[in-house]
Structure formats: C-alpha cells, structure tokens
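Once you've had a glance at the structure underneath, I'll fire off some questions.
Chain IDs A, B, C, D, E and F follow the sequence of writing; residue 1 opens each chain.
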Amino acid sequence: MTEEAIWNLKKDNIESLLSKGERADGRKPDEYREFKIELGKYHHAEGSAFVTLGKTKIAAGVKMSVEKPYPDSPDNGNISVNAEMSPIASPSFESGPPREEAVELARVVDRGIREAKIVDVDKLCITPGEEVWTVFVDLRVLDYDGNLFDACTLAAIAALVNTKIPKYEDGKIIDGEYTGSLPLNGFSTMSTFVKIGNHIVVDPSLDEDKVMSARISVSVNEKGQLCAMQKGGIGTFTAEEIDSIITDRVFKAAKPLQKVIKDLPSK
Amino acid sequence: MTEEAIWNLKKDNIESLLSKGERADGRKPDEYREFKIELGKYHHAEGSAFVTLGKTKIAAGVKMSVEKPYPDSPDNGNISVNAEMSPIASPSFESGPPREEAVELARVVDRGIREAKIVDVDKLCITPGEEVWTVFVDLRVLDYDGNLFDACTLAAIAALVNTKIPKYEDGKIIDGEYTGSLPLNGFSTMSTFVKIGNHIVVDPSLDEDKVMSARISVSVNEKGQLCAMQKGGIGTFTAEEIDSIITDRVFKAAKPLQKVIKDLPSK
Amino acid sequence: MTEEAIWNLKKDNIESLLSKGERADGRKPDEYREFKIELGKYHHAEGSAFVTLGKTKIAAGVKMSVEKPYPDSPDNGNISVNAEMSPIASPSFESGPPREEAVELARVVDRGIREAKIVDVDKLCITPGEEVWTVFVDLRVLDYDGNLFDACTLAAIAALVNTKIPKYEDGKIIDGEYTGSLPLNGFSTMSTFVKIGNHIVVDPSLDEDKVMSARISVSVNEKGQLCAMQKGGIGTFTAEEIDSIITDRVFKAAKPLQKVIKDLPSK
Amino acid sequence: MAGKGNENVTYVDKSGKRLDGRKVDELRPIKVDVGVLDRADGSAYVEWGHNKAIAAVYGPREVLPKHMANPYKAIMRVYYRMAPFSVPEHKRPAPGRREIEISKVLSEALDAAVLTERFPQSQIEVHIDILDADAGTRITALTAASAALADAGIPMRDLVAGVSVGKAGGRVIADLTKAEEDASDAVDIPMAILPSTKEVVLLQMDGILTKEEWKDAHELAHKAAEKVYNLQKEALRKRYESAEAVEETEEIAETKEEVVE
Amino acid sequence: MAGKGNENVTYVDKSGKRLDGRKVDELRPIKVDVGVLDRADGSAYVEWGHNKAIAAVYGPREVLPKHMANPYKAIMRVYYRMAPFSVPEHKRPAPGRREIEISKVLSEALDAAVLTERFPQSQIEVHIDILDADAGTRITALTAASAALADAGIPMRDLVAGVSVGKAGGRVIADLTKAEEDASDAVDIPMAILPSTKEVVLLQMDGILTKEEWKDAHELAHKAAEKVYNLQKEALRKRYESAEAVEETEEIAETKEEVVE
Amino acid sequence: MAGKGNENVTYVDKSGKRLDGRKVDELRPIKVDVGVLDRADGSAYVEWGHNKAIAAVYGPREVLPKHMANPYKAIMRVYYRMAPFSVPEHKRPAPGRREIEISKVLSEALDAAVLTERFPQSQIEVHIDILDADAGTRITALTAASAALADAGIPMRDLVAGVSVGKAGGRVIADLTKAEEDASDAVDIPMAILPSTKEVVLLQMDGILTKEEWKDAHELAHKAAEKVYNLQKEALRKRYESAEAVEETEEIAETKEEVVE
C-alpha cells in the first residue's frame, strides 16, 4: 500500500469514529490533550520553557539584545519570533533554511503575541532613537505529534513570562546579571481546530493533522477577545462553521490553557 | 518534433525571408516595432513607466533612498539598476535569484545610463560624506516578446524622467511630498541588432531573439555619441558588420526612440 | 572497473609497499616532498606567497582592512582565514559556496596560526574600541596533489611574513604606501600524518590522501610546543599511534619546514 | 495590526463617511482586466484602490523535480512577490518571510477552488507581482490570480473572491486603506470566499476584536465578496468575447503561415 | 583557545580544587536519557554540566539524491546545530562555519564506530540540537549521538564516548568549563574514544601544550572516557528495560485497534 | 568608465609616450604559460601587465544535471572568479554581479571558437581565477582560457585573442591601465577576436566615444589581437615540445609501474 492509500484508510477510520462523536484517543471534540510546561531549563536564555502537548515537544528560549530602534518607532522595543522545524522532530521535516510551513508557524505565533500586545514594548526603550531591547523568541520543535501552532504559542508565552531583563551598563550586557522581569500585559493562547470530513475538533493529534482538510487557529486574550486568526489547509469552512468556532467553541476549548498560563510564576 | 527541431525550421524560414529583404512581421531591417510609454502609473514609486515594445512589456519604478556615500565619492549620489526576469513574462524564465541573463540585462541597461551621465549624481548630495541619494531603478519584465535590452532601457530612462525627489527633513523622508524633479543631463537610447544567418536586423522579435547567433546592443546619447556597447550570443560579427552597425545603422534605427524620449514630459 | 575498485587496488599496492618500508614515490615515512615558497607575487595583496608541495599549488594573499573591533576585545586586531577549493585544483572539487572540506581546511589552518599567537593582534589597534586592523588571509588551492593542510599553512605563514601594513590617514588607506611590516611573534608549521592499513606516513601524496583511513594534523611552533591538532577521516588511531606522532615524529618531520619558514625574509 | 494613528482622527464621521468619503460597507474602486499578457497561459491585472497586481498562470504542466509530483492531484505553486518600488521604502528583491507566508495561504485558497484532482502528476503555477501596495495586496493578488486561472481555462468549482474587512476608530468597516490600518484600534481581516457557496478559503486576522464585532465583519465580508465576484465575471465575459474574435484572426494567420512554409 | 582570563585567578588551588570545586580529573555532572523522542528512530538527551544536547537518529534509509549513495557502505550525515538561545549572544539560526566543521568531525567519529558496511546504498542521519552551551558542546553532542544510534538499533563496534581534557592555570585538567577556557594559558582538547579498544576517533586541540603535558592529558582522557561509557551503557540498559515494558503495552494497544478497525 | 582623474594629467605626451612610457598602440608586457597545472585537463597562466590569471579546463565531460544537456552540442560553462586579494579592497569570496556577467560574456566568446558540435550531450568547463587585477582582467582571463582549451586538446576554429582598446586624455590608445581608466574621459573597450578571420566574439564598451574614434580604436584592436595571438601560439608550441618529452618519460614510468604491480 502506498503512503497515500494508508492515509486515506486512516482518514476513513478517523471520520467514522467522529461520526459517532469519538476521537481515536478518546477525547471529546473540544478537548485538549494533556500538556505540561517546564520553565527556565536553559541557563543562557533570558527566559525559557519546555512544553509537551500530547507527545509534541517544544523548546522555547528568549534572548534579549540591544539594537537600534526602527525609525518609525524610536521609543519602542521590538519582538521577533522564529521557529525551527528541523528533522529532529519528524522524519518528514527537512534540514536547511526554513520552509514555508516554518515561516507560517513563526509568523502566526508572532501575531498571536504581537496583536495581543503582551510584551510592553514601550518599556523596552533604553535611549530613544538610539538603543532599545529586541526580544528574540526562538522555538525549536523537537517532537512533532500534531498541533504545532498551539504548542509553540504556549511555549513562547511561557518563555516570555519566565524572562528577565539583563543588566546593561556602559554599552555592555553584564552576563548573568538581571534588572527585573520582562514587562508583560496579560497573555493570549492559541487554539487550533481542524476539519475532517464535516467534523471539527480542537488540538489535532498527528493523525488528525495529516488527514484534515482545513485548519483554523484562533488566538484569544485573557479578556476573552479575539486577537489573531489564521486559516490553513486546502479545504474550506462554511460561514456557519467559522462562526461557531470563533464566537463559541474557541472560548470553551481555550479554558484549560488560559488557566495554566495565568498561574505561571513570573520572574 | 523536438523543440530544437522546431526552432531550426523557424530559423530557416526567418532566414529565407531575410534573404528577400523581408521580416516575418513585415518590418524593414532597421525598423522598430511599435512602442508606447506610460508615465507615473505606480504611486509609491518616485517615478515610473510602463513600456510596451511589440508585445514585450516592462514596468519600471524608481525609488529614492538616503544612504551613506562611497568613501571615494563622498559628494555624489548613486544609481543602482536591477532587473527581474520572473516567470510572469515567459514560460522559459525561472523563479529564484537572478540568473546570468537578468544580471547581464541589468548591468547593460545600467551602463547605458551611467556612461551617458544622464543622472546628475553631483546634485544628489545631501551632506558630503554623510548622506546622499541613491536612485534605485527596478525593472520588472512582465511579457517577453523579444528585445529586453532596448525595452528596459526605454522604461528605465522614462521612469527617471518621471522621477521627483522626496522631501527630506530631520533625517526622514516625508511620505508623499517632493522637492523637485530628478536632475538629468540629456538621455540615451539603446538599440539592439541581431544576426541571423548573415543578415542583421534591429529590435529582434521573440522568434528573432530565439534563432539569432549573435547580438549587439549599442547605446547612443542625444548628441549622437556612442556611450555603451555589449555583444552577446555565441556567434561572431565580422569587423565590417560591426563598423556598419556602430558608425551608421544604429543612428538611423534609434531616431524614433530618441524622438519620443526627448519629448517626454519631465516632472 | 569502478573508481572504487581502482582505489582499492591502489590501496593494496600502497600498503604492500609500506609493509616493506617504502612509499610509491620513494620517500621515507617521515619525509616531506620537495616544496618551494615564492613571496610577494601579487601586487594588490599586502603580502602574498605561492607555495608548491609536490605538485600541490597554493596561492595565498593577505589583505589588511580597517574594521570596528569586537566588543570583548576593543584593543585587538583580528585575523580571518578563508580557503577556496575550486575546481581549478581538481576534477572532484565543485564550484559554489565552500563545502565542509574547505571550511575545515580554513578553520584548521586558522587555528594553527591563531593558537600559536603568530600575529601580534595587540599591535593592530588604531583607535581602541573604534578602529583596528583585520588581517584577511585568503588561500586559493590551484592544484591538488595531496596534503592541503600543510601546504596551506606554509602558504598562509609565508604570506603573513611577507605582509606590510598600509598607510592609514584621515580614515583612508593610502593605496600603495606602507608603514612597516606586520608584527609577528615566531611562527608555526603544520604536519599531517595519514594512516594506511596500520602504517603512518607524513605529507600524504594525492594517492595516499585518497586511500588513507585516518588523518592527523599537528601544528608545532618555533619553540617545539604543540599549538593545534585535528584528527580527520573515518578510521581510528590507537593511543600509542597518537603518542608516537605527537611526542616524537611530528618534531622530526617538521624540521625542514621550520628551517625554511625561519629563514624567510620579512618585509 | 494596531497602528500608531493619531487618536483624534475620526475614521467614520457622523454621516457615516470614512476618510476617503466611502461608506462603511463600500469598497474602493476595483478594475479587473483579463488576458493582459501574451506569453502566459492565463493572466489578469487588478487595480484595487492604489493596489496594483498582475498575475500569470502556467499549467497544468510537468512537475520538476519529478518526485514532488502527486499521483492524485495537481499541485498548486503560488509565487507572490512585491516589486521593490511598490512600497514606501525600497524593498530588496529577494522574497521576505511575509511574501513566503502569503504565497502559502494564497496557494491553499486557490487549491480549494481548482479541480486539481483532474490533473494528477502535474502542477499549476501562479506568479503574482504587486506593482503598487496600499493595504489589501493579498486580496488584490488573489482576485487577479483567480481570474487568471479562469483565463487559462483551468477548471474551478468557483471563482475565488478576495475581500478585506476589519475595524478602525471603533467601527466595523469593509476594505481598509493604509490610513485606516494605522488606527490605534485597527483590525485587518483578509478573507477569500467562494461566493456561490459562501465557503471561506482564506482567513487571517490581526488586531483585537470582540465576538460581536466579528459577526458584523463576517456579514460585511460576504456582501463584499459578491461585488468582487461580479467584477471578475464581467471581466471574464469581456475577455471571452474578445478572445473569440482573436481566435478567428489567429486561425487565418495560421493558414497563411502554412502557405509560407 | 587562550582566553582573556585574569592572570590572578587560581584555577587549581593548593588542595587540588578547581573553581567549581572539582578535582583535576573530575567530570561535571552528566545525565544521559535515551529514547526521549517519539518520532525519531532513536534519540537521546544529555546534560553535561550546563551543556544540553538532544540527538535524533533516522535510518538506515534511502539516499537522496540517489547518485550520492555509496555501494559499499551507509553514509553518515550529521547535523550539529546550536539553538539561538544556547549562547550568551543571540545566534543567527543559519549554521555557521563552526557548526559545519563540528558536523564534519562528529560525522567521522561516529562513522568510525558504526558498522556502515552492513547498509550499502543507504544513509544514517544524526540531528543534534544544542539547547545550552558551556564549553564541551561537541562532546556532549557526540555522547548523545552515540546513545541515540544505539537506541535506533544501529549496529556499532562500540559506543563513542566524548571527553574533553586540557589545561588552565598551568595544570592539566579534565572537562574544562567556559571559565577555565578563559584562562590565558588555556588549552582545550576535545576527544572521542571507543572505550573498549581505546581507539581515538576524534581529536582536536587549541592552545599551547608541551609533549609532557600531552601525555598527562591523554591519560586523563582515557580515564574520563571510561566514566562516560558507563553512563551511556547504564542509560541504554534502563531504556532497554522500559522499552520491553512499552512494547508489551503497544502490542495490547495494537490488538485493540484491530478490533476497532 | 569615466573616472575621477585629475584633469591636469597628460595621458599621452608630445613625443607620443603614455604614463608608463608605452606608445599609443603598445601593449603591456604579456607572458603566457601553458600546462601549468597537473590535475586539470588543460591549463594556462597569463600575466598581462599587473594582471594575473590562471585557467583550468575540464572536459568534454558528462552534464549534471542531465536534463541540462544539449543533444546537438557541448555546453560551455565558464567560471570567472576574483581572488579576495586581487583588488585594492578585500573582496568577499562569493561571486558578485560583475563576475557573473563576465563569466557569461567569456562563455559566449569561447563558445564561438570551440567546435562544440563535435561533443553533443557533454559539457566543457573553464575555471578562471584572477590573482591580481589592474584593468583588463577579462581579456587576460580570456587569453588564458583560450590557451588552456588548446592545452586540453579541445578542437577550436581558432584561438581567441583578448584585447582592450579605448581612450584617455582625448587619445585613442591600446590596452588601458587602471591609471588610464581613471581619466575623466576614459573609454574602455574589451574585445575578443578570432585573429585568422578577424571575427569579433566579445565586445563591450563603457564611456563616450564618437564614430571616428571608434574606427581608430577598432583598427588598433585588430593589430593588438595579432600580437596576443602570436604569444599564445608561441606558448602552445613550447608546451607541445616539452609535452612530447614528458610523454616519453611517462611511458617509461608506466612501464615501471606495471612491473611493480
């Protein structure tokens, strides 16, 4: 049997389960898998987190660097999110420069953080027009068991919560000394739903990710507002499906994530 | 029939016509196809032109940017020409970084402008040794129906004629405000001749471009001086052929181009 | 016969000779081939050398450039070694960005110079924290007849000995004028041994390079100290083999190289 | 999305007019031309406010390298590129991360519409050049691409209509300009819709929005898509008529050539 | 290697203690976990002092492009990469020259141990990510890679033990930290050894050393390799035991699934 | 071309002497050595004033990737590269746009001379390294490349002679130096000629020239080409003689080796 044929069989199986309201791993449609967040594992990072969601594993690290501000925002720091989908995480990932999947992943996670205005970039100015902090968030996908968007967002937010600002004197960062924690305003979580046949479920497992026709990731902040969205996949959503996800299901599904993020100990 | 075989047939056909002093599209050897220049189509460009020559279509845009001058010319602005031969224009063009054809095209167009000293770079200094204007001319080939050299040169020169200098205050370009037109000295046109069998014609059509053995592009300024040349192709020219083109035919062929360029309305 | 089969035959032949204490070209195990150093061949380089070792040929050139120092060494100049293994030198080399072999070659030669502290980087400061000299050593492999490590190190060191510091006034290098020779402390040579079967010989010829299982390059300074090492190849060395090379054979083998380097006329 | 806009700007005045005089649900002027290029298999040029996009389609054709081919369907390859002069600051020619991401979402949106299963082992290429940019380039690109696919004769379930809705100055509005995207509370929602079935094939959002605002914006999007759809169909109809005329001429020309050979 | 260290630092005190309290021949704490990843054919995670490396192994599998394949043996492809946050200054994601060189020497060291001749025409890939760096990343990487190869069931003549020896403050010591590498007379000698036969498969050296010092360092290296070897074997033993337990569970799970299908 | 030269410089004095003492039609000293490399199929080294170029030729050999091959002729691949130390300011090693353009025009010039139709489906590679540059590197490169092709035994209609003519200080001159190229009215015209038939295979021009000046320059070019041609032929003749001697030696060597095996 070709790989394509195997996936078609898997798809039929997953769909027939979903018709009965069941998922292969026993979850309900709007239920997340177990997840775990470890903070501060990497000592060279100003902040870090190691996240597992199902068997998906993400290492996130934050580095703070002093840079010249952009001319159109001389008083603001900046944030930059990058994601690496190296072959460590999956036999189907390739080494080399980031492909479009990794670029999309990084940019969607970035917008989920940026649009929710989580990092208080106004407070990251050292000398207006001269020196501001840039917050580099780097995500390393280590094991791909489905749903990288939500796992990477969790890891990025947790790493930011864990971040301290280095001491900066006479144009130099003092290695290992810090002046406080990174100023944050609230938080956001991302919840990804996928469509398989005409069923829609949150937090896709690896198999669900592989057989889905369409995907939608919705970022929600701590006030229950929408702050970023991204549809993916070559399938379509009906207007009703979209409304149901965006105005209802996402808020229910995100609850366990929001609870854990809210209670993370800040630095 | 292979593609090669088809081109060989076409070549025979074109040659036999040329032996009778005829071209497939009815032109005389030193006659250009119809061409048209539209100015100022693109509002974000400081100057722009859309040129058609036969069915060849070129979009040219000029952006002005403030840069540090080169150490060996602290009082002069700079000019930079780039050309993109993307697959939009032809099924045989490839996407990706510019290949040697696009690099040659950009550099030959650049020299035709630079050597004729059309842009008065002495007047593009803001603060000597600190800030000067760089004039970026970007050419997008949109439809390839032969003779990119002449069409791109027309488009580049027309876009320069159409260019205004942005207002620059307190280290910032004021978007949408201008302080005058780009200072220019005269103009130049480029005329490309190709050799098919032992016949030589100007302004090659697509078919003539494909079957030619050798190509020569000659840039002539408004005073009737030569200002740049480039031979291409894997064929040869005899000394007599070269002399005939350079000392005679190019000046006749270039007349209609020169007339139109001369009458372009400046900004 | 496949290429692989031919090399296996060659290997058998080389090994059987080595069992009798002989090498294909008549040398003893610890004997170098003839080598020759020509200084100052390239007039645009601040220093240069053309080295032949057997038929291996290396062109080395040094350019001095004024750069901003690294933040953690504001008073020191820098050195940068690059090596190009272009197809000029061998049908098996490929054009394009440097492959791992060329990167390793450059970095090992670099360490042989850097760790021996040959270039007195303390004396290459122009204005502390602002301007220092960077010494660019560029190696072009022109003919590959084995043992690039030792030949490139010879060429790099000889080019450094031949280097003059350009005159630098008012922020500009005065072309063609110099203020003295590059400050150097001693020198080093590199000696490469390869293992074929269970025989070990110095200065591998092309055939020996191709059939060797393991390689070790040892850099030794003028005081008889070790200053850099690199093992290569997919074979192994026993602890005894390593000790014999590092504590004994390398010093004997390096003698002719050291003698010649020592007597090179400085600029 | 939220920009650095002056808080005192009134994005929608008391009479319901926006900065450029449009009503909240009104689109900028849109012009769609089909069959504008000679060499491509299909092409279209779209002006949408100040945005200008040209799209060229090739295919279905052979996949290179061959091992990338899919035995069940054609693969869609979309290249969205910005001309260096299309934006206020000169852009480097090499594609940036934004262009790579947009190429991906456009590719998925078009793939949803094209009957790719009819062309296994082949690829369909869409090349789009943005010549002028002013908020809404990806939907301008998509509208051009979809028309160009139709021009190339690629079978589709429906045309893809690109639209953008969002928010500025506290009001939900359609088709934001750059000035509106600079509002401090700006939200931009590019969407693509198959108008016949109202299916959504592209959806992105930047900025903070409530559920209620989403509902208004979503409704606005479907209305706007209908308008874009009609413009696309009109342009294709015109092209179809003129193409028939051209084809007749070409037949005559071909007959002539045969005689010459 | 020689760093900018303060000349007044005492790298080894009178009682033979180093800056972090270790003896001259003492290694930093080392933790080896095998089978830490789900998707890779084999994997291992190693913490070595502050160094943290994760390795994933795939193969033997098909070589692409095919003409790179060797008809006599598997080819080893090793990708050593540093996370941007693993070092004091944010590192760009693209591999630098240091990563390229280290990938090459690690590949040769592992190739010496793997029975590559058993898998002609195929390739074995090792991907290593350094998540935290503090002097000794390449030997941490090698130790992880070797355990991951064993975890993937790749036959080897022996495990490869990575060690580092060298010199600081005039004393030959094992397993230098970054602080020790900053000594003005620092010498760093990363090595890899097949412990059963004491064969050396990786050896690099930076810094100035006498013959006599080499002999001491070399001896230290073989002793240290023995310790690393034992940790690797212990981790694999644990993994083997738990893997057996897991396999039983999986068999049960598979049976269940069959029922479902 | 026009440089920043001091207007007061006299580029040609009353006695017809140039800055370096040459007459207007005089070339700089040129040295051509053939067969200078061991591994290449053909090679040549040319010194031309301060310019130094080395060329290596491989082929005809297999085209990779195969679909690039031409069923009717060999394809020429020319790689013109400048050593980082060959110019006043350290050059980055990656080829720039100038090197890419020059590689293309050199490739076309050589293709015009080589009997490529004799080697369908194959490629001929020419690699040229500029080790020292002083105005005229491309014609130095071409002269070396052409001699190297002959050394490799590649059949050609004729050798390709590279020459440069132009203008400085109002006078038409041959073979400009960098100092002459810096004249404010400088014109540089690199050319390549098949001397037997006077066919032109490379021609570029930068700077402002009248028709009349062109005629003088063109005439000068053909005279200069004749001189270069003679030097190339002389070098090949020498090589041919010594090669015959070497071949005899090699035959003896091969006989010996057979005995050893």
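What we mean here is this: a residue touches a chain if its C-beta (ideal position, glycine included) is under 8 Å from a C-beta of that chain, and two chains touch if they have at least 3 such contacts.
All values derive from a computational prediction rather than experimental measurement.
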Touching both subunit B and subunit E we find none
For subunit E, which other chain has the most distant CA centre? B
Compared with subunit C, which chain's mean CA position is the farthest off? D
Can you check how far apart subunit E and subunit F are, centre to centre, with Cα atoms defining each centre and the answer in Å? 51
So, in whole Å, the Cα centroid of subunit B is separated from that of subunit F by 28
Put in order round the ring, from subunit C and then through subunit E, what are the chains? C, E, A, D, B, F
Within their complex, subunit E touches subunit C through residues 1-2, 4, 71-72, 76, 97-98, 100-101, 103-105, 108, 111-112, 189, 194, 197-211, 214-215, 218, 222
Where on subunit C is subunit F touching in the complex? 13, 41-46, 48, 55, 57, 59, 61-63, 65, 82, 84, 86-91, 95, 97-98, 136, 138, 140, 142-145, 173, 175
Subunit D partner contacts - residues on subunit A that touch it in the complex: 2, 4, 72-73, 100-101, 103-104, 106-107, 111, 115-117, 214, 216, 221, 225-239, 242-243, 246-247
Contacts from subunit E onto subunit A in the complex sit at residues 37-41, 50, 52, 54-56, 58, 79, 81, 83-90, 93-94, 125, 127, 129, 131-134, 260-261
